[in-house]
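What follows is a pair of complexes built around subunit A, which joins subunit B in one and subunit C in the other.
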Partner chain A sequence: MIFRQAIEIFRKDLLIEWRGKARFVALAVFAATILLMMSFAIGPNNKELQAHASGYIWIAVLLTSTQLLAGSFQSETEGGALEGLRLLPVFPPSLFYGKAIANWLFLVLLVVLVLPLSFALFDLSIQGSYGLLALVILLGTAGVAAPGTLYAALTARAPAQQLMLPLLLFPLLVPTLLAAVKVTALVFVGDPMGQAGGWLGLLACFDVVFWMFGGVLFWKLVES
Partner chain B sequence: MSRFAVETRDLSRRFGRRWALARINIQVEPGERFLIVGSNGSGKTTLLRILSTVLDATHGDLLLFGQPPGRDPSWTRAQLGLLSHLHNVYSDLSGPENIRVFLRLLGRGDEPVEPWFERVGLEVRPDPVRSYSAGMMKRLSFARLLSQKPQLALIDEPYGQLDPAGFGFVDELLTDLSESGTTVVVASHQVDRARMLCQRAILLDQGQLRWEGPAVDVARAWGALHG
Partner chain C sequence: MNDKLWFVPLVLGLVALAVAHYGGLVMAPTEAMMGEVGRIMYAHVPTAWTGMLMGLVAFVFACGSLATSKDGWDIGTHASVEVATLLCTLLCIQGALWAKPTWGVYWDWDPRLTSTAILVLSFAGVLILRALVHDQGKRRIVTGVTTILAFVNVPITYYSVKWWNTLHQDMSSGSSIADEFKWSLYLGWLAMMLIAVGLVGLRSAGLMARLRREHGETALPKAKQKIELLAEKGGA
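Showing the complex of A and B:
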């Protein structure tokens, strides 16, 4: 039942995002603009650009994610749609997992869209494996999507949501960001010491904690 | 166990220092049409929101179909339908898509949505509901409420935003709902119209229950209270 309802929420969010696809395109352009600004700020120094590229990519994802996450709850609060859901016998975790999985998918899409630009701007090449890159994208975005969905719900009715969401979310994401940046850098420069496994393990641990507690805490936040 | 569809005992709600509702005691029989009357800020909407379980009472007890809503929230909410000032729909989705989302979440995704639109006199259109007029939104809200097949329908200002032709539609709909066994609790400013449809009424004033009796007499009680 929980799984079926989560799928319905996920489908509904996909449909809403598809209807407002111009917003997602604007978000991708925003992320690309951040990367562009970073490359201009460093200048034509290939070594510097390559050394910090993974950090720039994840900062761009992080900054764009706050807009994406806040937007995912705008559709819920506008017109009291969330209250409509609360009036249905919907299992509390279903709403969280449906929305968090949808946000996860959008973040993965965002990274996939901005990666080719990053390769061009920062003169990157893959020294590690493509599988590792895919894994760090999946785990890193999952680590943003779950707590991001939780905090987007918390700040949905706050008068200054655009400010409150990053203020609350970013400190929580420090370990995720650190691990994601490190593994991504190892994909670009190679991993002769085999450090990626440890960082991926850390990333996976945080993901498990965020996704487990999100389902429990989410409804409490919505109800209050 | 209470035999009432709705029973409140000293139900009170405070917002900050202000008591929006104070010691409200009502009993609504299953299948009854029950009217809540009061001026703006009298506590009608707050009472309906507490009855719908989306808002908690500060003090007092609420029993729905003989049990506290918290005992089995999922079962309780399956019995309820609320039509509020908010339309409780997704603005970016079309009317049929909205109803389909709600039906799927209720586990009835294979049911067609068209009959609900026919029932409320609304055209099945593919455009997002943000382009709907206020009256169309009201009818869509009714379609959502009806599609839930509630045992207890809580309806806030059913005549609001509707044209005179819509008034007749609401009268017919409320009667049909009640005749099919649904308990209907209505809060309305349209006292003269709603009192003819309902069996019993209460009059709220500044969060307090000032009068309770047959709905046909509520206009007289209103007159006595407000001069």
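Showing the complex of A and C:
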């Protein structure tokens, strides 16, 4: 029941995004623009760009994610859709997990779209394993999606949401950012010392904590 | 309880702080490794302990606020988040002042420094969001949720930065304090705790009064009832 409801919410969000494809395309172009601006800001020094490429990629993802996450709750607050869902009644944790998984999928898609561009812009190559790259993309975006969905719900009705969401979310994402940037860099330059495992462990821990807390706290939030 | 009573711990704390600082800054011997700069420890360490403890107090208040749905817990959360933010900001400034002569830089990616700064940013976010939400029921939930997450994040940030850091360099911070002047450190801590308790109490009392005003209750409900009763009688 809980699971089925979550799946339905997930399908609904996917459908909304599919019908308004232009928004997601705009988000991907926004992320690409950030990457491009990074190269201009740092200058034409290829070595420098290459050394910090993983940082630029994740910063682009983080900045874009705030637009994506804020949008995911805009559609719920408009026309009292959230109240409608509550009256159906949809179990609040199902609503949270449905939306969080949808956001997670969109973020993964965003990274997948942005990566080829960064390979071209920063002259990157993969020395580590592709499996590690897939893992860090999955775990890193999961670490943004769960707290991001919760905070998007928190700030959905607050004035200046576009400002409040990153203000609250970014300090929370420091561990995710550190670990994701570190592992991605290891994928690019190779990992002879085997450091990636520990960082992935940290990412996984963060994910477990926030995916668990998220459901409970969202429940509290929606009930008010 | 009379709200003015909260001035008692505040004043006691200020007196104790003066005595403790006289011990630490004047009477205690100069630190062997760091010289006169080392004396900042007598102010820094009590601020650190109290600041982190106030963060914990805010977390406990936030849990209580979400569990009981009572405004008192929410007011307590707001007041303690404010005091914790103040103390942790102070802590960062003191840390930077100490780091410049000791490490040669104002800021270093030391895990304690970084996680404190992140806590300050998160708590500032809580206070700003709180100021933007006007419905008290919603405000209580929003404050509770963000405070809990901000505090839960502190140890994760601490360990991730520590780990990140050990790959670059290892920064040790010696905090040797003369044994016979330990009392001034502990008295300083007691003083900061008293001040923090006094501030939280005073702020809570003020916030509570404001909340009552918002709800349209007068300060003298009984007198108001009497007047209404008299007016009814007069009307009849």
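Operating definition for what follows: the second predicted complex is superposed on the first by the 224 of 224 C-alpha atoms of A that agree within 3 Å, B and C clash if a C-alpha of one lies under 4 Å from a C-alpha of the other, contacts with A are read in each partner's own complex, and residues count from 1 in each chain.
Note that in this section contacts are C-beta pairs under 8 Å (C-beta built on N, C-alpha and C of every residue); 3 or more make two chains touch, one makes a residue touch a chain.
Given the structure is predicted, the values throughout are model-derived calculations rather than measurements.
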### Task
Name the contact category of A:V209: first (subunit B only), second (subunit C only), both, or neither.
second
#### Entry: Touching partner for A:P159 - first (subunit B), second (subunit C), both, neither
second
### Task
Have a look and say if subunit B or subunit C is in touch with more residues of subunit A.
C
### Task
Using the touch definition from the top, say if A:G198 reaches subunit B (first), subunit C (second), both or neither.
second
### Message
Looking at A:G190 after the superposition, I want to know if it touches subunit B, subunit C, both of them or none. Which is it: first, second, both, neither?
### Response
neither
### Query
Which holds for A:P116: it touches subunit B only (first), subunit C only (second), both, or neither?
neither
#### Entry: First, second, both or neither for A:R19, with subunit B first and subunit C second
first
### Message
Per the contact definition, I'd like the list of subunit A residues that touch subunit C in the complex.
### Response
147, 150-151, 154-155, 157-160, 164, 167-168, 170-172, 174-175, 178-179, 182, 195, 198-199, 202, 205-206, 209, 213, 217, 220-221, 224
### Query
Which residues of subunit B touch subunit A in the complex?
52-54, 73-75, 77-78, 80-82, 84, 86-93, 97, 101-102, 104-107, 109, 128, 144, 148
### Query
Considering the complex alone, what residue numbers of subunit A touch subunit B?
1, 4-5, 8-9, 11-12, 15-16, 19-20, 75, 78-81, 83-91
## Note on the structure
Residue set of subunit C touching subunit A in the complex reads 66, 114, 118, 121-122, 125-126, 128-129, 132-133, 137-138, 140-142, 144-146, 148-150, 152-153, 156-157, 159-161, 163-164, 167
